[in-house]
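Structures incoming, each one as structure tokens.
Across the two complexes that follow, subunit A remains constant while its partner is subunit B and subsequently subunit C.
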Partner chain A sequence: MSTWFSGWRLVVGFLVTVIGVPIVGLVLTWVDRFVSARVQWRKGPPFYQPFADILKLLLKQTIVPRGAARTTFLFAPVVGIAGMTLVAMLIIYSNFNTVVNQQSSFIGDIIVLLYCFALVPISFIIGASASGNPVAAVGASREMTLYLGYELPFVLAILIPVVKVAQQWGVASALRIGGLVAYQQQFGPLLYSISGVIAAVIVLFTIQAKLGYVPFDIPEAEQEIMSGVIVEYSGAPLALFRIARAMAFVLLPLFLITLLWGGLRDWWALLKFLLIVVLIVLMKNTNPRLTIHQALRFFWFILAPIGIIGLVLAFIGL
Partner chain B sequence: MSDETKVRRIVPIGPYHPLQEEPEFFKLVVEGETVVDLEINLGYNHRGHEFISPELTYDQVPFLVERICGICSNSHPLAAVLAIEDCAGIKPPPRANFIRTIIHELERIHSHLLWVGLAGHFIGYNTVWMWAWRYREHILQVFEMITGNRNHYAANKPGGVRWDIKPEHVPEIRAALDLVEKKTMMLTKAVLDDPVIRARLEGVGILTKEQAIAWSVVGPTARASGVDIDVRRDDPHCAYDQVPWNVIVLSEGDVFAKAKVRLLEIFESIKIIRGCLDKLPDGPIDMRIDEIPSGEGIGRTEAPRGEVFHYIRSDGTNRPIRHKIRAPSYMNIASNVVAVRGGSIADAALTLAAVDPCYCCTERMAAFEDGMLKYTGKDLLRLSWEKTEKIRERLK
Partner chain C sequence: MKDLRLWGLKKSPWVYHVAAASCNNCDIEILELLTPRYDVERFGVVLVGSPRHADALLVTGVINRKSLPRVLEVYEQTPKPCLVIAIGTCACNNHIFRNSYNAVGPYDKHIPVHAYIPGCPPKPEAMILGIVKALSKL
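Coming up: the complex of A and B.
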């Protein structure tokens, strides 16, 4: 039974991550556009608009600028998509397979997850640098600065639940997403503590930056550097970037729920997910864009110290 | 990043750029993220208004100059009409003066709200953009009610106005003003109290009082730098000396002060319109002009962006022989050279927009031949001298 069963699970898991997550992501893009439109007294597009956009982009001509490093330029979006697919695999597999088999994922997958999340900004940086456009170069330098900015508090925020679980179950469990989920199913979500709230707030801000949404859409600032990092992209590569972003829009809230808010194994997770998405969209619509210096200062000198305080609180068990 | 900061790169803003939907070209010379220099290129959209104007009759001239700018489409015709009236030595009836003031101030409200919205868009705050433009809609509806058009109202003509404000319009104008005042108050509070907006706008693109005077900036750009000028008060025309209002002057000179000046001016405009509606005299709205004698006249008025100056020279026929226009943006845009220096690219984009530039107002001639500049400034000056000599010959 078990071989058939696990094989079937593998197929479903594959379909969910490779096809389901991008589709849900594009629908979420529509939710974002629709809610933004309603906040701004506009009508908003129909639900199939992101799909139409992607279809149109896929059918359009792909232009590679003359001064660009062709292979790298075209390969960069694939890196982003690959990173997001791995994240989807890890999160969904860890959430739904752990209960069947505690040892199904591996120790340290949360660290792998961190690297996979980083593949999206890295793909943007690679692509922008390969395009040979001065505006894209400014965008790439901004993207890099922003990445260095938000990664520090992001890691600190992830360490908070890890520390809490490690105190009970040891480091081996704590460094596995499956371990974190199992812990929360036994003892309740990690969010319901001071350090948990701190971690959630930090992760929310970094989600905004990782998605490239206002106030942290600095690398793409349309009004300053004309979409910056993706200025030279057109056609299918641009569609791939869009899909990678859309996948991140699904996976980052899922990651937050997995990490702190009880995992994905009950129906409440859907509600939590929608709540986080709405929070992200509202934050996007009620803030102006920061400058890169302000963003860096915010992440390093405001969020990072708060993260350290949260970590200390986690150590003393709060 | 240490190597990168030493390399000078050029970040082009324009000729087509999502920042401002008009043809303009700013070459930002940057080191890393810091702007070290700025080169301004204008003249992509020359339409030859000063050339066309002498071929039109005095009645047609306001329609022409109305199309110089789509946003301050009342200030150019008003200044032209004032110039024609100055030339003819006539004074329009008092009711016309009051209606002109009302239209002009309504225009200032909608123009300033438009700028507030765009400023929000420029800092990525699209909600402010959409909200400001929604409130602006009420003003446009008032325009449509009075003049039949949301823009290009064709309100002025030599000797008076074309559209009367009927008694049934007055309560609707007042209602729209009340609404806009309330909403603008909310917007002002939201914008001025938002810590993130303050972080973005305060101390950015500072133009000191000395620089403002040296670069001859006008309008809200000057008033935000502590230069106390306003043509409405300094050279009273229309009904501006008959209603109470204040000139808003701030001293900071940064983008935040410019935004604040514009937002506060909306309330002053509302005050002026209410005063005008209270005192609106009865009587005719226009008068018959039989002849415009030879001579010259100037008209100046305070457009939403600053002083508009029109010069008209008449030879006694029904067409002007010279019509010279000076638009405020032309003075204001040049001051960007000092205002953006030392800021980041993000701040530069904002500073460039903070003078509320109107490029179609600024277009002047630039003749190119084989990719080279055909006429330098000196050549153009010489040509104009020669032209003036020819005109003098003909006038003899």
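Coming up: the complex of A and C.
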């Protein structure tokens, strides 16, 4: 491969991750609202609705409350967007660049990915704490508890495919997303086994919690704590938070497909992606909100033991 | 730039419900307005939980000495531009409480009101018409 070609790929990849992912995310937000509307037997908003929302928020007045830490308050959404952009880079590059260059993803990038996903809840916690609002403080503490809750089963679920690949190819390629994708291209998706199904179910529930969708929308419960963590945000920072959420809505299903369902390198991935998105929206529409201790108990005492069982099964080779 | 701003505001007016000492009748009609039956999300109308996110305040009830400072505070907390829509005859002109010692006048004495929707309570259809008129006046 010539350097010109790889440079061109770099530019295209950059544009896709920085501009494409937020746009696809906003369209998906419309899909979410449209499917919800159809579930409730109504017409739903037009397709440009999320873009109108974002445009309106970007051009609106931004109020910084008097008791807030100004710089931190305004900087928090940028942390979330930065984390999501890094995730987009890692996922898209390790899916589409490994064939060109085996070394394009590095060992341990799956651990980096974990931390980058964590930047979104962290940005919400920082922003809520900086806003100096008691309701936002309640939201921040709930967000923190929820994060501690879902991160344990999420790590266990990620370990399952890592263990399966490590048994064949060694730890060095198992800790690379590119390695996981290459393994699945050779031996078929990791989902088609007992431990793979367990991992997928756990990741699905964690996606719901990471996106803050209904069974787990505890940190921003609109009816009880008035949008919780983002209660003081208005105008452009609120728009950035919504864009970060929209990017997470694209990247988490993509991550599930990359991790367990054969990678993004064929057209079937598009269908799988839409299937996962619709599944998430249906889960959102058919569940009531849990309280925070119910959610924590669900993640720690139901999903985490299941994840450990899945891990043991993966070690046995099932 | 101004056109873009106006377009965004017209296509996604998020509403915040300010119930300032009403008899709860208008509030129940507002809740009915937001149900799937009337589907105001077609027009981009979403009920938000915080006045910081709002573009339109739906104010109900006859305003009195106790609720006036709270209403003014909510109005100041809302980022501008923001619409104020007075819902119900009480909010428009004090209705039967006109001579009450505690009523400090309809809303337009204190904050700019963009649409008046009379009725006791007004129907959800009337509210949709009022919001559309307020938006087309912008």
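In this text, the second predicted complex is superposed on the first by the 317 of 318 C-alpha atoms of A that agree within 3 Å, B and C clash if a C-alpha of one lies under 4 Å from a C-alpha of the other, contacts with A are read in each partner's own complex, and residues count from 1 in each chain.
Criterion: a contact is a pair of C-beta atoms (placed from the backbone, for glycine too) under 8 Å apart; a residue touches a chain by one contact, two chains touch by 3 or more.
Quantities reported herein were computed from a predicted structural model and do not represent experimental measurements.
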Partner chain(s) touched by A:Pro45 [first = subunit B, second = subunit C, both, neither]: second
First (subunit B), second (subunit C), both or neither touched by A:Asp53: second
Touching partner for A:Thr71 - first (subunit B), second (subunit C), both, neither: neither
Touched partner set for A:Ser234, first subunit B, second subunit C, both or neither: second
Partner chain in contact with A:Thr62 - subunit B first, subunit C second, else both or neither: second
Partner chain in contact with A:Gln167 - subunit B first, subunit C second, else both or neither: neither
Contacts on subunit A seen with subunit B and repeated with subunit C across the two complexes: 40-42, 222-223, 226
Subunit A partner contacts - residues on subunit B that touch it in the complex: 1, 4, 9-12, 17-19, 30, 32-33, 120-131, 134, 194, 196-197, 199-200, 344-349
Residue ranges of subunit C touching subunit A (in the complex, touch as defined): 1, 4-5, 7-9, 11-12, 36-37, 39, 41-42, 44, 48-50, 52-53, 55, 77, 79-81
For the subunit A and subunit B complex, residues of the former touching the latter: 36, 39-42, 134-135, 137-138, 141-142, 145, 214-215, 217-218, 221-226, 285-294
Residues on subunit A engaged by subunit C in the complex (per definition of touch): 33, 37, 40-46, 48-49, 52-53, 55-57, 59-63, 222-223, 226-227, 230-235, 238
